[in-house]
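In what comes next, subunit A is part of two complexes: it sits with subunit B in the first one and with subunit C in the second one.
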Partner chain A sequence: MTRDTRTDEDDGRETTGEPGETTDDSDETPRPGPGVPRVGRDEQPSIFVPDEGDSAGGDAARLSDRAATDGGVESATGGSDSAELDPDAYDPVDVFPGGDLDLREGADSCYKCTSCDTSCPVAEVDEEFPGPKFQGPEQWRLKRKDDHDIDESITSCSNCMRCDSACPSSVPLSQMHNEARGQFVEEQMEKLSREYVRNRILSNYRFFASIASKVPRLANAAAKIPGAMTLGEKVLGIAGERDFPEFATQTFREWWRERGGAQVENPDKRVAYFHGCYSNYNTPEVGKAMVRVYEHFGYEVMVPPQKCSGTPMFANGMLKDARRHAETNVENLVEAIGEGADVIASCTSCSLSLRQEYPELFDIHGIEDVSEHTFEALEYLRIHEDLEGELADTELADEQSFAYHAPCHARNQGLSRQAVETFRDVEGVEMEDVGDSCSGISGTYGWKEEKYEKSMEIGAEMFEHMEDAEGDVGMTECPTCAMQMEHGTGYEIRHPLQLLEDTVA
Partner chain B sequence: MDRQVDVVVVGGGSTGCGVVRDLARRGLEAVLVEKGNLTHGTTGRMHGLLHSGGRYAVSDQKSARECIEENRVLRDIAAHCVEETGGLFVKRPEDSEEYFQEKLEGCRACDIPAEVIDGDEARRREPYLARDVEKAIALPDGAVDPFRLCVSNAADAREHGARIETHAPVTDVLVENGEVVGVEIEHETGPGKRVHREPGATEEIRARHVVNATGAWAGNVGEMAGVDVEVRPSKGVMTVMNTRQVDTVINRCRPKGDADIIVPHETACILGTTDEEVDDPEDYPEEDWEVDLMIETLSELVPELKNARTLRSFWGVRPLYEPPGTGTEDPTDITRDYFLLDHGDRDDLPGMTTIVGGKLTTYRMMAESISDHVCDALGHEATCDTADAPLPGSESPARMNELMDEFGLRSPVARRSGQRLGSRAEDVLEGVDPNPVVCECEGVTRAEVRDAIDEAGSDLNAVRLRTRASMGNCQGGFCSHRIAAELAREYPEPVVRDAEDELYQERWKGQRHALWGRQLSQAMLNHLLHATTMNRDGDPASLDGSVDFGAFDAGADADAAGSDGSEPAGTAAADGGRVGENAATDGVTDGDR
Partner chain C sequence: MAIDSDVLVVGGGLAAVAAAVAAAREGADVRLVSHKSSTLRQASGLIDALGYVPATEPATPLREGPPTAGRELDRDEWPDPEGPLSDPFEGIERLPDSHPYRIVGADALREGLALFDDLAGDAYRGGHTDRNALVPTFGGSVKPTARYPASAEAGLASDPRPTLIVGFRSLTEYDARAFAGRLEAAGVPFDVAGAEVEFAEAFRADTKVTRVAKALDHDEEIEGTPAREALARAVAPHLHDAEDEAGGVERVDRVGFPAFLGDDRGDEVRAELADRLGADVFEIPMGPPSLPGLRLEDRLYDALADAGVRFETGNPVVGIDAAADGRIETVSVDRKGRETPYGADAFVLATGGLVGKGLDSDREGVREPVFDLHVDQPADRYDWFVDDAFGDQPYARFGVRPDERCRPLDADGGVQYENVFAAGGVVGGADVAREKSASGVSLATGVTAGREAATEANE
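After this line comes the complex of A and B, so read on.
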């Protein structure tokens, strides 16, 4: 059955007091049935109305201008900047902003064993970085109420969160790092500095991607203009060696709307798809694969309004931004959960964020529910479907070997072996795990000019193992790992959902 | 006749250190003798509260007034030893409203600035306070580091010509012709800085006057002189938490009782205490129920304490004194006031004065009064300036930015180093490059450790008191060997080993009372690291008798040279491992190490 769905452009409503802004999104349509996004919330027309000529999102100079005025972005929900939260509502878990989360207690679990430091990919290549033990339990324990600031070295943490899994004693390392980084950025970082502006841009990727997606061809072309990336490096400190990701000519949400939304209706098997920014703007084929695979298994797919999961914002200490986005996400996902859905992400960083960082950092009504109901796409199918049986007799038409890299954030969710295990028995598929090293890009980390070399040094082991692997197609769940894999080897990189689509759907 | 100094001060606690500083600044030639490290007795075994006087505002207003007065003086002259935390007297529903009002009036009567805040405001200031705390009186309690305070007093005394002898117990008080003329001390090593394995020596120090500032041990010294000093030592337990659950001193607002105070102290919190009379200040039971009582009772004020990690517990003995015949039954009712006993007047034994009672907050005032008395006795005219002259380190605060930029310290390390070193920070940090962090838990760098070694010799516990190195959550597990390694520049290997063992043992002593949950895990990890990785439970180098190094093979190179060079590496490793293992086993079965 085809449903009548309407989604307007999924666009950030984070807009700005910018001239030319349009905020017309009020055309409420009668509310469609479950599974179908409705207009509203974060759905609104373009807010960036430049003259056609030089509007490309890749134009670094313009980006820089914009970001400078971007400081006062208001929430999509008209939202509470939580600085205004009632201090009486203090809860030791909700801290930012609205009072410091005091994580000194977390230091109680640390035995100084240094497992975190030895697992930290940044500490391995960066002599100046004192490592997660210092950033987390040590720094917190040395803090005092009115006598502390955060050491600047926190900005070198890439937020790969490997330390979380390395710790034998459940020290909330990444939570401590996130909190410290947020505090550093909020209280100690110069808001007009190039670094701040650059980090703000990188962490608000969605905002800029949404603009670029208005004119994807132009944006793609602009990024390829000789010197464009050099300019980006000179002006903003964005690594010039990297190729800017291409924007799809049709976003996932545009495709979803054009397709008429869900093709399967099933009140007993519903999932709400959290596609994240990258699958929407850059690799809609991953999102499409998710929909087709899930529909193959009889799921009704909902695509609720959504914003950035917050991953790049956490990594850059932009907790206010992350919270604003989280408010929208939680509100819509809670509604979907209320309609019987579980939340499925195809990006392992998105799923980790919703599962772990959300409840650790924010106190938003329903956030625990979202955390408990969120799964990674392949993980969910392996739990609820007989994927093994389904795949037993399948065959991939064109025999292919894949060099599979498990993202750090997948590792944290216990998913590092899922792709290898899932496709083990599929005829024609060879899945080779390239080892447990970090890809080195860690979202925005490897995009920073001053981190680029280190990022590539961290990635060297993975590159080497990929080259040694049989196949010349890479596979991973994480979009930025995919960028790094492609950048380091030139391989085409695919998502396990795409392979699953090829084999079953 | 031997050379004679003006005054010998016996006892290196806060009083003794304060007295020797005062006397030295007044131009008298003074010697301080202490049987252990500075603060070895009661001073090093207190919770570090800088009284505002609030605790005594109802029961003992004279003490309360002295406290607030000295509280203000110490903020000024000992700024680098004091943290201005502020304090709260909190009232729970079951605590008496009448007493709360009495407390408030008492504070006002004693000129202690006091402000009543409601429960919500109290929790805004200290979020971990129990939800049912109704209200609180806020007053200027603070935290003071007794180690730093004593060390700074002693250092200032030394700058003014005094001699400080630690690890030098008094073995006799010299009495000649019905007059005290000095003391005999037994240097464990030395004289001078303590260095392990150096032979000890006996020394007679003749003095025009002897000050007995040994607190709970005053009776023992009195006995050597043949006089009776009836100190009533009273023990109290203190439990150290791993982190600071509160940044303000939290007192329970009720008349008296055990377990009614939480003091934020450096990186930790100290819970206190009990009050129970003991016979011998050196030998009394340390019982687990006392620790349980601390956590149990104080979690009524801060529930989080029940889940929090405990590092260790220690006991101290108060030097309570009351004039003969007072006959107070309950030690908690004995006055906290101090008494100056002139043995000339009292026992017809001139040449010696004993000071007992009192508390750390008023140490300077006590020192002033006893120094006045000594000057009188010696006919020496000089004015006291200790209320105005800052202690070394407290002249000006350390400049954080400089510590970070110039010396490359990470922000929290710079803050804690700067706090500990005060105005000495730059001098201490200069010239040590590279300057890695040696104790990670407390953020202590190599430069600070070396500075302490310069003063303390090979005594790593004295280094610990000066720097806080090894006082964090690993309790020396990850740093005692690194600290000891700093000794190796100056001292031979056996000295370094002894010093390390001594520090590690001391750290273990307090942890014995915290062996559950997370500190138990820490202790096990420490044990395994030291016993297995470092082989410290059977290290041939520390076993008696020499090691037969000839029994080891000559190594891979020798093998390679002797054969065709294709296989020997593996053999060498296996042999080495086996021999090492036997040695370790020997050590274990050896028993008493």
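After this line comes the complex of A and C, so read on.
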């Protein structure tokens, strides 16, 4: 068996009462890897949420008996409230818990050009939404004074992060939004409200998916019972118009285990696959394509234990949940990096979260290293392999035109054109970019009863362009964009990795 | 391994697009990398070539000693700029020797405008003549410009037809009546009235222009009436607002709106409004956020894709990765914290000026941050500016100094890198705000830099 091709039972760890507490493959004792890199350059102070006592205390207690995995530094992931304080084991920032993020520099960089507002897909359809310039620098200034609550409109931001890529002054708008949203949820939102419960459920998709995929056929059947979605709408405020995603009868990790893990060993070319929740529970064919394509190029694929990337949690201000999951992810990914791997995600929101939101919001030991070593799957091959050269002489057996939509989160990583450019010389493939509009679903946003119509209005332009496009198969990197594309057009939606698998592997 | 191409263009504005397409048309394999979404969305959408030739010498000798930022009473005296010019080409020879037009030549400007006409297609007007058009802009001034969006065509200031300017109370930066008054004061050859109408009031007071544009694009219902019809109804009572010189009432022949008449379907929106009002409809270019700028951006990026240019937006080029023998081999692109080398045979730098952040400055000096190219500047910071805000400000002309192939020169006047070319705002020597020449400089240098970079790469 190659290293780190762990094949243990999913969800084998303790239950804690918090949703989403289990780790994929978490019951193996983590080993410190050889040559663990110089981790721990924790430059960003933590935001206010996770270091307070109460519920976070449970995590710390649980984590404190876990073996260190980061080269021997204790409590890299334990937060700052574990019982035994060893000054040598701490980074300086941990000594001062609860420090607010200093976003003043970002706020001061804003020269009010309104490029962010112009790029905001929500402001385009919802005049009640004051736009990113308010949500970011202006709200940040307002809340400097204690007597100012966070404006409730922050919950209407879908976290598409287009404002980030629009801002010519690099104002950290999404970071400001995430922080304000976290504070709003923590301090102002009624914890027993239907909205809170609904948002908590949506953010912790992974927890529910992990249960449902134990009995996928039953779960799929239950979602199709007439009235099931209506009930969801009435009771929880989940948009009844949407079809619940189908659960795969075999998860990606189950397939990985059955297959016996990696088929290629190569200490010089290693990648750790961050499959995320959706490729594991709903579309394992994307994960399988990733493995086959990377093995075709001679990479040794590792599949470390992992939880949710946090994307749906950020969008709902559930920063404590996100932090808990991040601790596990960082710990395991740092270990893989220590074994020479780069981290590869097939979902552009997962890769963006690990690269950008993680270091912006959390001060977990090693989080900067995870950020620097993370790539999107196609991006990595385009950097490290002569992908276009290899594809130039290939052809797709069954000629097909695709209507490609670039996810907002791909845009932010400079990846919005990669699928179109990668496949443009492949015989039999026609890849048409359906334009720069947002799909409108933005993860959990479009699942909310009160946002559903806005979500479809935002998506209208994309649906129209998809229908104008020649192909009747859609393509995108993002699983929730794919849901929206399918929902609006009825097209089958595929991932670029699947097409790459068909052409090269 | 590096991500390779023949020509790598750094930047995403008009100069970068012009350079990328020009290079691609020479047969080069071109890649364009820009840090953020194109700042074209902040642009008015007008394509200026040269509207004025400003004085470079004061009317009376400047007072001795450093500028005082206006605190002294003995003000500088500067002659008024020459213009508006009716023919931009005719004014070029009166520009300073160090002006990019003088360096790359009037033919480069002609070539750049021709390229633009080709890329913009039927969305733009003005290509039929060398002469400038006079387009009213939202401050109430009239701007000499070489090319203008088709949506602004019916609003030209040289057109004598009586005109209504429409405004909305919720659009605070735009006062229609003051605008009409200023046009009148400027002596335009037509009768004009301004009216504030009830339409945008259906939206929030601080609603975004993109929201209004989208509502008109999709003809959404505004309080039960489709948006276009609702807007026409709001304007209709004012069609007789304009008075002629004798105080008589006349029906206007054209109606001007702030530039938010739709985004993707602007032509359709204007046509329907014109039909309902029985008058031509035009848009008045505004400051940011600018729909004409957004539409131009869409158009130019489609043209990039059609030309086979690879482009990516979202990651900055942060510096040189490798250089040898006076040539750059690879540059570093910061991909979310990880620097990745991009290689090319030739590079075009089109990162903008001081506002676009292609030039950086602090109290110590002005720098070009990507290639650390030489930026000519007085050593004493007090010599960077003069007292008169509208005078010949030295800082306005800061930038890299190009040779006739647009290769930046070092402090001694030698070529700094054989395979680096510069275009647009990062190029110094022009005072584009006073000259009204920003787009023309971008096109002239862009097309030159792109062509020369392709030539360099082919060798």
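General observations
The rule is simple: the second predicted complex is superposed on the first by the 406 of 505 C-alpha atoms of A that agree within 3 Å, B and C clash if a C-alpha of one lies under 4 Å from a C-alpha of the other, contacts with A are read in each partner's own complex, and residues count from 1 in each chain.
In this text, a residue touches a chain if its C-beta (ideal position, glycine included) is under 8 Å from a C-beta of that chain, and two chains touch if they have at least 3 such contacts.
These numbers come from a predicted model, not from an experiment.
More subunit A residues lie in contact with C than with the other chain of the pair subunit B and subunit C. Of the two partner chains placed by the overlay, only subunit C lies in contact with A:421; subunit B stays clear of it. Looking at the shared chain after the overlay, A:105 reaches subunit B, while subunit C stays out of its contact range.
By the touch criterion defined above, A:371 reaches subunit C but does not reach subunit B.
After overlaying the two complexes on the shared chain, residue contacts for A:167 are found with subunit C alone; subunit B is out of touch. Residue contacts after overlaying the shared chain place A:461 against subunit C, while subunit B stays out of touching range. In the superposition on chain A, A:411 contacts subunit C only, with no contact to subunit B.
Within the superposed three-chain model, A:141 lies in touch with subunit B and out of touch with subunit C [touch as defined at top].
By the touch criterion stated above, A:113 is placed in contact with subunit B and with subunit C alike. Contacts of A:130 after superposition: both subunit B and subunit C are touched.
On subunit A, the surface patch touched by subunit B in one complex and by subunit C in the other comprises residues 113, 130, 169.
Contact residues of subunit B toward subunit A in the complex are 83, 120, 123-124, 127-128, 242-245, 247, 264, 267, 304, 308-309, 410-413, 415-416, 419, 440-443, 472-474, 477-478, 518, 521-522, 525. Across the complex, subunit A meets subunit C through its residues 113-115, 117-120, 123-128, 130-131, 165-170, 352, 355-356, 359, 368, 371-375, 379, 382-386, 411-418, 420-421, 433, 436, 460-461. Those residues of subunit A that touch subunit B in the complex are listed here as 87-88, 90, 92, 99, 102, 104-105, 107-113, 130, 133-134, 138-153, 169.
Note for the complex: subunit C touches subunit A at residues 1, 3, 33, 36-37, 39, 41-42, 203-204, 206-211, 214, 218, 264, 288-289, 294, 298, 305, 310-315, 335-338, 340, 356-357.
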